[in-house]
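The data blocks that follow each hold one structure.
You will see subunit A twice below: alongside subunit B first, and alongside subunit C after that.
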Partner chain A sequence: MGALAIKNVTKSFGDTHILKGIDIEIDSGQFLILVGPSGCGKSTLMNIIAGLEAPTTGEVHIGDRMVNNIAPKDRDIAMVFQSYALYPTMNVRQNIAFGMETRGVPKKEQEEIIARVAKMLQMDHLLDRKPSQLSGGQRQRVAMGRALARDPILFLFDEPLSNLDAKLRVEMRTEIKQLHHRLKTTIVYVTHDQIEAMTLGDKIAVMKDGVIQQFGSPQEIYEQPANLFVASFIGSPSMNFIPCHLAEQAGQIGVSLQSEGEARFVPLPNAAKLAGQVGKKVILGLRPEQFDAVENSENSLACKVHLTEPTGPDTMVLTQLNGIEICARLHPRDAKGPGETVRLKPDMTKAVVFDAETETRLA
Partner chain B sequence: MPKFWRGVVYSALLLAALYYLLPLYVMVITSVKTMDQIRAGNLLSFPTSISFDAWSKAWSSACTGVECGGLKPFFWNSVRMVIPAVLISTSLGALNGYILSKWRFPHSELTFALILFGVFIPFQVVLLPMAQTLGWFGIARSVTGLVFVHCVFGLASTTLFFRNYYVGIPDELIKAARLDGAGFWRIFFRIVLPMSTPIVMVVLIWQFTQIWNDFLFGVVFSSGDSQPITVGLNNLANTSTTVKEYNVDMSAALIAALPTILVYVFAGKYFVRGLTAGAVKG
Partner chain C sequence: MSSPTQPAQYGFAERWLPRLVLAPSFLLTLIFIYGFITWNGYLSFTSSRLLPSFNWAGLTQYHALFALERWWVAVKNLFIFGGLFIGGAMAIGIALAILLDQKIRAEGALRTIYLYPMALSFIVTGTAWKWMLNPGLGLEKLMHDWGFTNFTFDWLVNSDMSIYTVVIAGLWQSSGFVMALFLAGLRGIDDSIIKAAQIDGASLPRIYWKIILPALRPVFFSTLMILSHIAIKSFDLVVALTGGGPGFASDVPATFMYAMAFTRGQMGLGAASATMMLMTVAAMVVPYLYSELRRSRNA
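And then the complex of A and B:
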């Protein structure tokens, strides 16, 4: 049995169904990300894992125990909250000690643990300060210290970086990942930020409307999104979705791409999965980095540049394909200015195809 | 702002302050005058010599009806009433507010709305049923009875104050404490109550003023040796002897008002701070 298993968990308030049957299982030491837009039920699921809310149906297993009827404090978990939830009237030392005090950890052991945690997070000098005397990053650190002092079998992080500024967020992200490498404790991490999801997770559960849309490794989710929602949610800038019809030409199944009055048939990989569906309306998904600027090639299309967004290493070029605005990530040297024409060659080996009606991936 | 208008504003404020302070001035100077001075001078004239005889008479020997023991026994009745009543109603209000904001139960909002109703009920309406209740409990016409009445009727406003303050405390704090293994009482005493100083001060002052200054319940639900100071003051001022002793009346009124004035002087800054301190910054 894994470190955490969620079995067919649902949560309803009257006729409002927040979670509609969640199944997740991860191994010990894994970093699980619950990601999705606000209102998708990820925080509710987190509260159910923590025991702060009860599931309507289903089971939660932590370690080898079914914990549905076990109080939060006895689940051997520790949680870091978005607002840090530091006790404002206690100093840092007391904040960290509070949980140990309630659990009856001997005073001497408490002090050892506080010293160890403070050293690990480099916050020795903050121990006697009140939360109001700390910066956002320091509060975040203390909140993590409080969780670490618990030495649990499962860490829960509820959007812990959302209240930090952009620079600090990236630093703390790295720090959390390093911490995980060092401790090898199982972590469940809730976020709405797809970059945090990609950079931190061993496993990602993408949620929407109380349903897990896809559960897999970051790379799987990025390269083989299960449906249109996952494809659009993960990746920045977002994947380009080009509506087209499946066609057959010279024995190959592909789609027709048009730009500036020029149409070109491009064959699709995984054609076997698409056999017999010629003529079907589909959506071709191409990530911005799957475009190359070329001088002249038979599989390229001339596209008029509408706008460029240089990011430094790459330049985002906004143009049109099949009448839809698309974004291509090009090397700055290849990017043309607005109004000029660039020849784009799509890398079809990683292209994905979605059913235009059901929005699930066909190939 | 031009200097002229600033002058106008300050003059207006000064005038208003004088207007409000005038009665206090009259009371204080009258209380230290002798009856001869009062008869000789006018209401606003400064005393020629200062005498505290009227104060000591009001405190210990003025007649309040047939008794002539001054306000002293009434004052101590009020003290014996106000301290337990304030402490009990504040404690219960804090507990109610904590439960209604952080341990919601089915229909807790409705419960709160019903409690809130108590703030708007005119007290005259409940005089008769309350008299009957006090009789059943066997605490009619006693200080204990008054404490009970003030606790019951203070509860609505103390609950309202605490509940609205605690709504501003983030729920995540409670969740964090629950994960840390703390239960209902430990969270209340270790996390919530230490954050409550401003609102505790507000409610203490509020309740003290309300209960100390109450006349209606005092006059209805007490008699003889359980009457509070407001009733004593009324009796003292209404007991007619041959001459009306204005200096004694004024001294008595000041004695009755002194505790609330002192509470404002020493704790007033918490009152203003507590009323303006809404959300708790994490």
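And then the complex of A and C:
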């Protein structure tokens, strides 16, 4: 059964088109991430799913119901907000109980649910406090508790971790993932943080300018980005984009990489898709970890190190290929200091090629 | 020449300038507020009549004050006016603020319209409403001219009802101000709280009643303080609108004090009534200030 289906949803305010035809469908129990830069329409889409805004055209299905004309409260959803949106004058217990009171859940049952949720999120000791007496992480927990108390068929998380500091964000991320494993409820999660997207999602929808650029599993999106935008948005440090021309040499299609006056022809995988396009201007996409430092190999290029950024397990080495600044993720053992030369061998099996004009992926 | 809390490079001017700048207003406040409060307090224990005298008379003036029917009419009127004025302005103001907060068109223009009466002095308000409520000139005459000859609206000249005309004019003047205060408070409330409550299934009235208005408690108290002191010291509105009449039917303590001290040559009695008013205000303001200060110390 499809837990959530969004069918050709658009949203416009006058001449401003926020969403331009969104289609998404996920199965029950899946964790859907809507990710994109600010202004891409992801929060609007979230509000449309929640029923807080109406789509201009298109349909939203939750479970097996078309919910376009159903009020937020009857959609059987729960939402966690970026600003937590706790009711400031109520203590934690009342915050969690408010929705249940409104729905007329019997007092005794309310207490059982509150106890269960508090235990699940380890916040029994916070129940009698006001939101103003809680830290950011605790408020986040309460906001999630309030959502859990509802036991909905769909959870909506609107950038829930954005207001937390870096360490807490990682902890809560893990906690949300564990919670999802335990509850197996369908979740829609909006974020602008690609790491959250990669770590949490079963399915990721990468959005830009009101259009879904790519919809797929995290691995698909990472390894086979649909276009230049997705490739640059997902992954940190970003993928390297090296402009070059398709060439043919010894019956193989490839590109020429240059460094320090040395040029080397590297054949591309999936050459079949590129047949007949020799001479075309393309952009070669290579992730930082697709470079290996080698001593003296046939397929390596000597590169002068401009800068190194040690992160502990790896060292980012900034250098140049084809006149473009690139970043290679190397083992600290292999990284040389600035000014020195390192021989880099690109792993072409995972290389991707984009059309320089349309920015879509060719191979 | 340097104290431990101030860096040494601070010169004479830097240390004394703030005190010099504040000194005149401090001095003026000391003399014209606290000095005169003290003098008034002293006068209320003297037998001053037309001019201040310093013959100690103990509590004579207070005994006289409490025996005077006119004083008790003024006190009763203050409670009627204060209660209806504060309650009414608050209710109308909150209602207007909530309605204006629904993302309506031309909100700026409407807000200005409602706020405009505040720009007038109570004297102007009082005079305008006096004309409108005057049976021979305003509303009643208009209805008669339109043919409703049975229509009567003579509250202004009716000694049982004249205080209520003061309430009407006061509400007209101050409701917009209350609206502005509450509107500012409503704007400070996070939108997502309302969204969360909507998803929780609360209706709009319930959202306002259970979540938003309780969150506006500080605004509520500030407004209450402002309205109460307007009510207690209200003088100009009554003078312009009813002149305390008919007779002394719409007297309030402030007009009573003015009449006694400056027109009827009973300065000691006037001083005693002024002291009673001060005590009433103090009884409300001091606990409020105390709780506010304590809260800010705790925060």
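Observations
What we mean here is this: the second predicted complex is superposed on the first by the 362 of 363 C-alpha atoms of A that agree within 3 Å, B and C clash if a C-alpha of one lies under 4 Å from a C-alpha of the other, contacts with A are read in each partner's own complex, and residues count from 1 in each chain.
In this text, a residue touches a chain if its C-beta (ideal position, glycine included) is under 8 Å from a C-beta of that chain, and two chains touch if they have at least 3 such contacts.
If you're wondering where the values come from, they're calculated on a predicted model, not measured in any experiment.
When both complexes are overlaid on subunit A, subunit B and subunit C end up clashing with each other. Of the two partner chains placed by the overlay, only subunit B lies in contact with A:131; subunit C stays clear of it. In the superposed model, A:363 makes contact with neither subunit B nor subunit C.
Touch criterion met: A:85 reaches subunit B and subunit C at once.
In the overlay built on the shared chain, the residue A:200 is in contact with neither subunit B nor subunit C.
47, 50, 52, 72-73, 77-79, 81-83, 85-90, 98-99, 102-103, 146 are the residues of subunit A that lie in the contact sets of both subunit B and subunit C, per the superposition on chain A. Put simply, subunit A touches subunit B in their complex at residues 47, 50, 52, 72-73, 77-79, 81-90, 98-99, 102-103, 131-132, 139, 146.
Those residues of subunit A lying in contact with subunit C across their complex are 47, 50-52, 71-74, 77-79, 81-83, 85-90, 98-99, 102-103, 146, 150, 158.
Only residues 170, 172-173, 175-182, 186, 190-191, 194-195, 280-282 of subunit B touch subunit A when the two sit together in their complex. Against subunit A, the residues of subunit C that register as touching in their complex are 190, 192-193, 195-202, 206, 210-211, 214-215, 217.
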